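Below: the structure, in structure tokens.
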Amino acid sequence: MALFTAENIRKRFGARVVLENVSFSVEQGAVHGIMGPNGAGKTTCFNVLTGHYAPDGGRISFDGRDITGMAPHRLARLGVSRSFQIMNLFDDTVVIENVILALPEFRHRALNPVREVFHDMALIERAMGVLEQVGLTARAWERTASLPYGERRALEIAVALAPGPRIVFLDEPTSGLGIDATRALAELISKIRQRYTVVLIEHDMSFLFDLADRISVIHWGQVIAEDTPEALRSDKWVARSALGEVA
Amino acid sequence: MISLSDIPARGGSPFTPSMGVFVALVLTAPLWLEPVGLYQYLGIEVAIWFIFALGFNLLFGYAGLHSFGHGAYLGVGAYAFGLYEQNVAVDLWGGLAVAVLAAGLAGALVGALISHRRGIYFALLSIACGQVFWFCAIKLHSITGGEDGLLGIPRPDLVIGPVRIELAGNAALYWFVAVILVVVIVVLWRVVNAPFGRVLQAIRQNEMRARFVGYDVWKIKWLAFTLSAAFAGLAGGLFAMAQESAYPDVMSINQSGLIVMMVLVGGGLVSFWGPVLGVLVYFLARDILGGLTETWLLWFGLMFVIVVMARPEGLAGLVDMLRTRIGLVPAKHAPVGAKTGGA
Amino acid sequence: MAALLPHMVNGLALGLLFALIALGFMLIVGVMEVINLAHGSLFALGAYFALSAIDGHWLASSDLTQWWLSIPLTARYVVALVVGPLLAAAAGMILELCLRPTYGKAPLYGLLLTFGAALVIEELIRVVWGTSGQNLPVPDAVNGAFLMGGVIFSKYRFFAAVFAAAAVGAVWLFLEKTPYGAIIKAGTHDSEMVRALGYDLTRLRLLVFGFGAALAGLAGIIMVPIWGLRPHVGIDVVIPAFLIIVLGGIGSFWGAVAASLLVGLAIGITGAYAPAWSLMSMYLLLIAVVGVRARGLLGRKSVLEN
């Protein structure tokens, strides 16, 4: 049984239908890609799948459970996590707190008005463990705002991993990254896929094709193809739409 | 530059040197107020406003929810205290409890209406809700005394076990308020350094991300609002006791705006102590500047506008900047004893 | 039902005056993305400037004042209708200058600044014109009451309604038919684009703030004979203005007008049944509306959404 499935998702904004009949399923442990030209609806699709919007039609299930229209914070607690293309970090504080805030152990004490936070060594160890996955342990106590772009991207992903999800949705994680950082990111994703199921939106085709097991291609608000990278390479519609030749 | 998100060196321990100095000043005030040329009642007023401002900053500074109508909850507390003392029993703890509960309830109701918002919508809704309370206070003449206010509220005695202390004199009342103030400070300092305080700040910094990592943001905002209203209610009850009356004007938008101005000018956006500094500045303006000119509020308002334009970190931010320039304060990083990462 | 008619006229007059206020408020929000909490103070300033224009107490010598007062009230009133909004516009432009350090920062700072400015302006009014309530004289032609169909109507309310309607029409003409209006409209939709097209955004902001302030000031002059002239008369202005742009949507002229009429009528009709509570109705309306809907009836997603 697939870990995560979307069936016949439909989404309108006012009179405009942005997504129509979007379906796909993701197996546990897989890396699933979503690609398509700008404005095709892939971001909206992502937002629907991760609970930011409720779909107007269709069904989403996770681990056999219907999660259609569930609020993001409940999805996060169930094990569905996401990162953002336009980074959403806690900029006023230090790097490690970004991760601590996302740890379930911490979240369970959210309403606690008494306990210590930064002297809780167990919590800090856990947070360091997450930072280690993205290679940011050296920066743990620096101000988030002072981090260079590439490291903010890494932190962005770390915050998505900290809740210990079963499936992680990454929204264009290579945005704005140079070649070296992109390569590092590819290595990171290859590493984390051993623990998490990954769904990935990307523009960078070679990045996506190297990492993904299956890719859904979205265009005009619909899934026009879904297949393995090899199969898609030779699909002419995909090639043309991805290269932006088809309007 | 300091920030509310700074990690305190000694965790949530309230016993820092500056805290000690402050508490000493607070607890000895009746001894030095008059020699300095001030008066006892001022100490009571200032202490009550400290309580109001610190509780308010939990919402304004820490949670980043800008309520411009918070005077309403001070007013609810004041009226609740007065009505209890006049109609139920002349009882100190009962009256204060009722003040806190009533204001907390009012805050819970309003919070339920507005907690799904933030920013400008939140601010304007808070104004509208505050105005509704103010209208009710003015129009419900039979309950609140209307524009004339609720008069003749007694000051109940403080009864602890077999000991009965009269609070009719200002010095005695001051000591009672001062002890409550110290308790409030300790409690609030604990809260802002505990997980709840950090989560409030997370919601201020990035509400969306907080939601996506699993926090029920609405509920937490609602809690923050209700709590800050409860503190306002406590201050209101004490205020009614001090004034021996309750008036609708504390609920007006002007008064609600004053607490915002105090908190900002003092540096509530960057420091736990900001609200305290801001209250002091306001009362200095009112009593000392006010002794020189009738237009003191104009000057206070102008100062506020200039602070917003030039230095929104307020007085606390200014003090911190000066201390760093002189080299008194090292840059802040890991708390004492925490392991730093690295190889 | 006929007894409701005067209240409906009141509501209509109020609604049209609110439209003037709301339009100015909306333009400022659109171009500057600032919620001007001092809009009510600019409203009050317009009225107070008009008062001074009419009673001439600012004139240097008492001889000049006597001469001024000998001019017929109607003429002085017309002068006030011009001078008041102009001076309010000047105040608005000063406010815009003060707002500049807050552009680009979080919306909180603009909000705080206009809030502080509202207090400062109110205190200035107290200092210059005194704290007690005053009376803005209106020409006899529009004063008093008249009988129609067995119901007594206030002449002034009719005048207010007609004048406000004309003013709203003039604003529409300005926005739709003049090149400046076109630039302002473009600015409310996309200020970045306007700058990219080569227009001086700084000047545009200054002028729009002045224009919005002038509209508020004009509304103030017309409104205070109904609401009374006191330093804090502007307090109840910002909330309805905000409610109107939420209902009507930012960027929609007719949405703002329609919403203004709605709010005005709501207040007017509440005034028929529970006059003491009529103003509170608009606060309740705001809470009900913003607590539920956000995008307005005719507008698009706006800067207000956080």
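So that you can tell them apart, the chains are marked A, B and C in the order they are listed, and the count of residues begins at 1 in each.
Operating definition for what follows: contacts are C-beta pairs under 8 Å (C-beta built on N, C-alpha and C of every residue); 3 or more make two chains touch, one makes a residue touch a chain.
All values reported here derive from a predicted model rather than from experimental measurement.
Colleague: Taking chains as nodes and touches as edges, what kind of graph is this: line, ring, star, complete or other?
Modeller: line
Colleague: When contacts are scored as defined above, which chain pair ends up with more C-beta pairs, B-C or A-B?
Modeller: Looking at B-C and A-B side by side, A-B shows more C-beta contacts.
Colleague: Return the chain whose centre of C-alpha atoms lies at maximal distance from the corresponding centre of chain A.
Modeller: Here the answer is chain C, farthest from chain A.
Colleague: Mind checking the centre-to-centre distance between chain A and chain C? Centres are C-alpha means, answer in whole Å.
Modeller: Each chain's C-alpha centroid was found; their separation is 48 Å.
Colleague: Averaging over Cα atoms per chain, report the distance between chain B and chain C in Å.
Modeller: The mean C-alpha positions of chain B and chain C differ by 34 Å.
Colleague: At what distance in angstrom does the C-alpha mean of chain B lie from that of chain A?
Modeller: Chain A and chain B have C-alpha centres separated by 41 Å.
Colleague: Can you list the residues of chain C that touch 2 or more other chains?
Modeller: There are none in chain C.
Colleague: In the complex, go through chain C and note every residue touching chain B.
Modeller: 35, 98, 101-102, 105, 107-109, 111-113, 115-117, 119-120, 123-124, 126-127, 232, 235, 238-239, 242, 276-277, 279-280, 283-284, 286-287, 290-291, 294, 304, 306
Colleague: Can you list the chain B residues touching chain C in their complex?
Modeller: Those residues of chain B that touch chain C are 66, 68, 113-114, 117-121, 123-125, 127-129, 131-132, 135, 139, 253-254, 257, 260-261, 264, 295, 297-298, 301-302, 304-305, 308-310, 312.
Colleague: State the interface residues of chain A toward chain B in the complex, per the touch definition above.
Modeller: 50, 71-73, 76-77, 81-82, 84, 88-94, 96-97, 100-102, 104, 106-107, 109-119, 121, 124, 128, 131, 137-142, 159, 162-163
Colleague: Quick one: which bits of chain B touch chain A in the complex? Just the residue numbers, please.
Modeller: Going by the criterion above, the answer is residues 3-5, 7, 11-12, 190-191, 193-199, 201-202, 204-206, 208-217, 220, 223, 333-335, 337-343.
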